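In order of appearance the chains are A, B, C and D, and numbering begins at 1 in each one.
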Amino acid sequence: MTVRGLDLVDDVIGELSFTQMLYFLCGGRMPTIAETKILDACLVTLMEHGWTPSSLITRLMIDSVPQESQVAIASGLLSLGSVFAGTSEGCAEILKAGIDAGGDLQAYCDHVVASYRALRKPIPGFGHPLHKPDDPRTIKLISTGRLYRVGGQYIDLLLMLSNTVDAAAGKHVTINATGAIGALLLEIGLAPGVMRGLAVVSRSGGLIGHIVEERETHAARHIWQLAEENIPYEAPSKD
Amino acid sequence: MTVRGLDLVDDVIGELSFTQMLYFLCGGRMPTIAETKILDACLVTLMEHGWTPSSLITRLMIDSVPQESQVAIASGLLSLGSVFAGTSEGCAEILKAGIDAGGDLQAYCDHVVASYRALRKPIPGFGHPLHKPDDPRTIKLISTGRLYRVGGQYIDLLLMLSNTVDAAAGKHVTINATGAIGALLLEIGLAPGVMRGLAVVSRSGGLIGHIVEERETHAARHIWQLAEENIPYEAPSKD
Amino acid sequence: MTVRGLDLVDDVIGELSFTQMLYFLCGGRMPTIAETKILDACLVTLMEHGWTPSSLITRLMIDSVPQESQVAIASGLLSLGSVFAGTSEGCAEILKAGIDAGGDLQAYCDHVVASYRALRKPIPGFGHPLHKPDDPRTIKLISTGRLYRVGGQYIDLLLMLSNTVDAAAGKHVTINATGAIGALLLEIGLAPGVMRGLAVVSRSGGLIGHIVEERETHAARHIWQLAEENIPYEAPSKD
Amino acid sequence: MTVRGLDLVDDVIGELSFTQMLYFLCGGRMPTIAETKILDACLVTLMEHGWTPSSLITRLMIDSVPQESQVAIASGLLSLGSVFAGTSEGCAEILKAGIDAGGDLQAYCDHVVASYRALRKPIPGFGHPLHKPDDPRTIKLISTGRLYRVGGQYIDLLLMLSNTVDAAAGKHVTINATGAIGALLLEIGLAPGVMRGLAVVSRSGGLIGHIVEERETHAARHIWQLAEENIPYEAPSKD
């Protein structure tokens, strides 16, 4: 039994942590200690966010399909799309394209900000409804990256982009946690294409906690009752 | 292009209704007009139930993954398990086993009722929290079955079982709509093993209506807010 | 019990077909007989396509989660995205935008064809790997639309667009079945936003047939074995 | 921002590994170093198994819904049911019931073996089609448990049960990896009810690797073609 060249029994079980193996499968090589620390920091940030679409769906599903808990977890994970978890990927794509192009980074930031302003769309990784002026998770994530000295060019570009965003907006716009995660995962050599998958891994752990709690508290029936009592269902079906 | 011996162009498109083709794929032969009417009656009964786990989940999902509406519908459908949609199947299995055994049906009903009472479990197809003493859908479904003269032995056994349940309980217990559907689908020659699938087909139609409405009313955000404001989560973590 | 103003017992069960009720929930009004016939024609076209990603996934899932057949069906339905079922929606959006704009339709077709050629992308609803020069389903669908005299402006625009595509390509490009379905559903008053949902309803019926068959033939284990024997996996790990 | 009493910024990000936080959310307290090592050992065992229903489904899905990789991962995870991943849970329930009962453990093992033999069902955690006489993962997992001195009563009971199974069968029956994982997770204080969730977390990491590889190798189209060429689809729909 081998996994991409590693012997499962001799090299993996009892030898590697889950985070090391996760990096190995996503990045194609064994991570350093610093890279492992950074991946851990990103993963624990996204695990548990209280009531979100993913946890609400998982709660409703475990009440409906109690014998197959994988269905409840997978259902919640389906919701981790471009609205609520895809912004790490989007932010990372912007940062990676800038570094890959290799030119004047300030000019690149100007171009990115102008493009999104023209589309009247937020730049992935920027803005947060609650955390203003700064998201404390972002600060801790970036300082963790600095502590472990994992590169720095993507973080630097994220901060340059932030200054450009602020100048164009005439005010400070929060760098949210998914923006910082996008930069950090690039720093440790992971591609934008695996980042949503990493959010899935992370949140799957948090959703187990919701299943444990749901079996005690039966919140799903309460959610259902709240909807019945508060949200009228009678709208005409005119599209 | 053929589908189980039918030519898709010559025999199916423009020639058969969806319900006829559904019967053909599930039952292995073309239905009579009466069988089609009964299948239609069962399908329309389950399409739309307002706020249920399936519609709540579909609403939350279309808000999270707006570009892929099949994900929202499929997520809602995952919840149609043994708690909220599997009772037709369960009731039908009881009725079919009784008819297949071919002995004294009253003795069979006595045995079924005694077995479930010993387990302190409800018999699938019996009981309803709201519709008492009778579920008006059940009455209409059974009268529709009688109108189209589709056999009758499974309906008769369901009613005998109902009398036995009542005698054991010392009061009238509702035959719910899924019980009547289980009996009617047996009458038209469909097996218990396809009944949950038919509930999926039926509800998938209703969930399209919820997606249309969600795009206008944005109930998902309201559901989320209600949960946040009303349901304590052991460790709330504001996102 | 009412559903959008209809009494479930008096107006729906035993009175309406599934297809009528489906139109009612998606279109917001009761369909005519002709509209019902057209919706049926579109639904039966997409039900059963033999081996496709949706049927392969449903087969694999019912082998893994045999007790919850809704999981197998819903899993297959998740695959009905922009690659394999979203082209009706895309084609309909093009046709609707042209009619809504109300100007010179030939100029509109020229613009559409030029835009897609510039992007080197196929126009939704056009092209088919097998059905050349014409898709017989398309011919039957359009003739069914003509037979039931449901409008005609969207079909006419589809055919004008087809001529424009052919002139630009220098050869005849097939109008595939999803293109014809997009036009027909517009003719009967349904919006592009419900069309993927209708594909879900349709295919859900076909997938029940796959579950019935899988329980007899156990194709899932055969698929698995074929993959193991034929497709190298970079680091095979025997389980 | 707190998570069950921990401050997300001060206590979690940059401070805890994913595995520590996973234990905290599933077990309700912070793990020791030894417990973390054991949880890691169990998680890495299940991550990547090459071609399985979960990886086949994820491959087919990312080909159909390429923009939403969480859908492909979640679809694969839905298949982790009682057939292919639920045996840790089942084995752990048997072991826990024996220890909780507190009586003569050999008598308990005799009772368990006799019960399953009467039902002609395999005991969860026992038997493997390939790994005979022993599963090398099981040996490594148990030795890892011994190395970190995490209790031992559940491992001891698993081995006693194994001897009883062998005596009844008249030959040695493999203890498979999921059996050892069930015992080890009990040793570190985790409940059977979270074990399937832990399998989900583990496999979600492995499925990211399949998505990365699928984008390069396009195995999904090959799987589809193999099915079309090798598996007849024409069976009658008699249930």
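Quick note on the criterion: a contact is a pair of C-beta atoms (placed from the backbone, for glycine too) under 8 Å apart; a residue touches a chain by one contact, two chains touch by 3 or more.
From a predicted model like this one, the values you see are computed outputs, not experimental measurements.
Asks: Find the chain most remote from chain B, comparing centres computed as mean CA coordinates.
Replies: Comparing chain centres, A lies farthest from chain B.
Asks: Hey, which pair has more contacts between C-betas, A-C or C-D?
Replies: Of A-C and C-D, more C-beta pairs in contact link C-D.
Asks: Quick one: report the Å distance separating chain A from chain C, using the average Cα coordinate of each chain.
Replies: 33
Asks: If you average the CA atoms of chain C and of chain D, how far apart do the two points sit, in angstrom?
Replies: 38
Asks: Can you list every residue of chain D that touches 2 or more other chains, as numbers and ranges?
Replies: Where chain D meets two or more other chains at a single residue, that happens at 1, 3-4, 8, 48, 65, 67-68, 71, 75, 78-82, 237, 239.
Asks: Work through the pairs of chains, note which ones touch, and then classify the graph as line, ring, star, complete or other.
Replies: complete
Asks: Taking the complex as given, what residues does chain C use to touch chain A?
Replies: 4, 24-28, 65, 67-68, 71, 78, 191, 193-194, 234-238
Asks: Enumerate the contact residues on chain A facing chain C in the complex.
Replies: 1-6, 8, 65, 67-68, 71, 78, 234, 236-239
Asks: Under the touch definition given earlier, write down the residues of chain C that touch chain B in their complex.
Replies: These residues of chain C touch chain B: 1, 3-4, 8-9, 12-14, 16-19, 21-22, 25-26, 37, 39-41, 43-45, 47-48, 68-71, 73-75, 77-82, 85, 136-137, 139-141, 143-144, 147, 191, 193-194, 196-202, 204-209, 211-212, 215.
Asks: Which residues, counting only chain B, touch chain A once they are in their complex?
Replies: My answer: residues 50-54, 56-57, 60-61, 63-68, 71, 75, 78-84, 209, 212-213, 215-217, 219-220, 222-224, 226-228, 230-231, 233-239.
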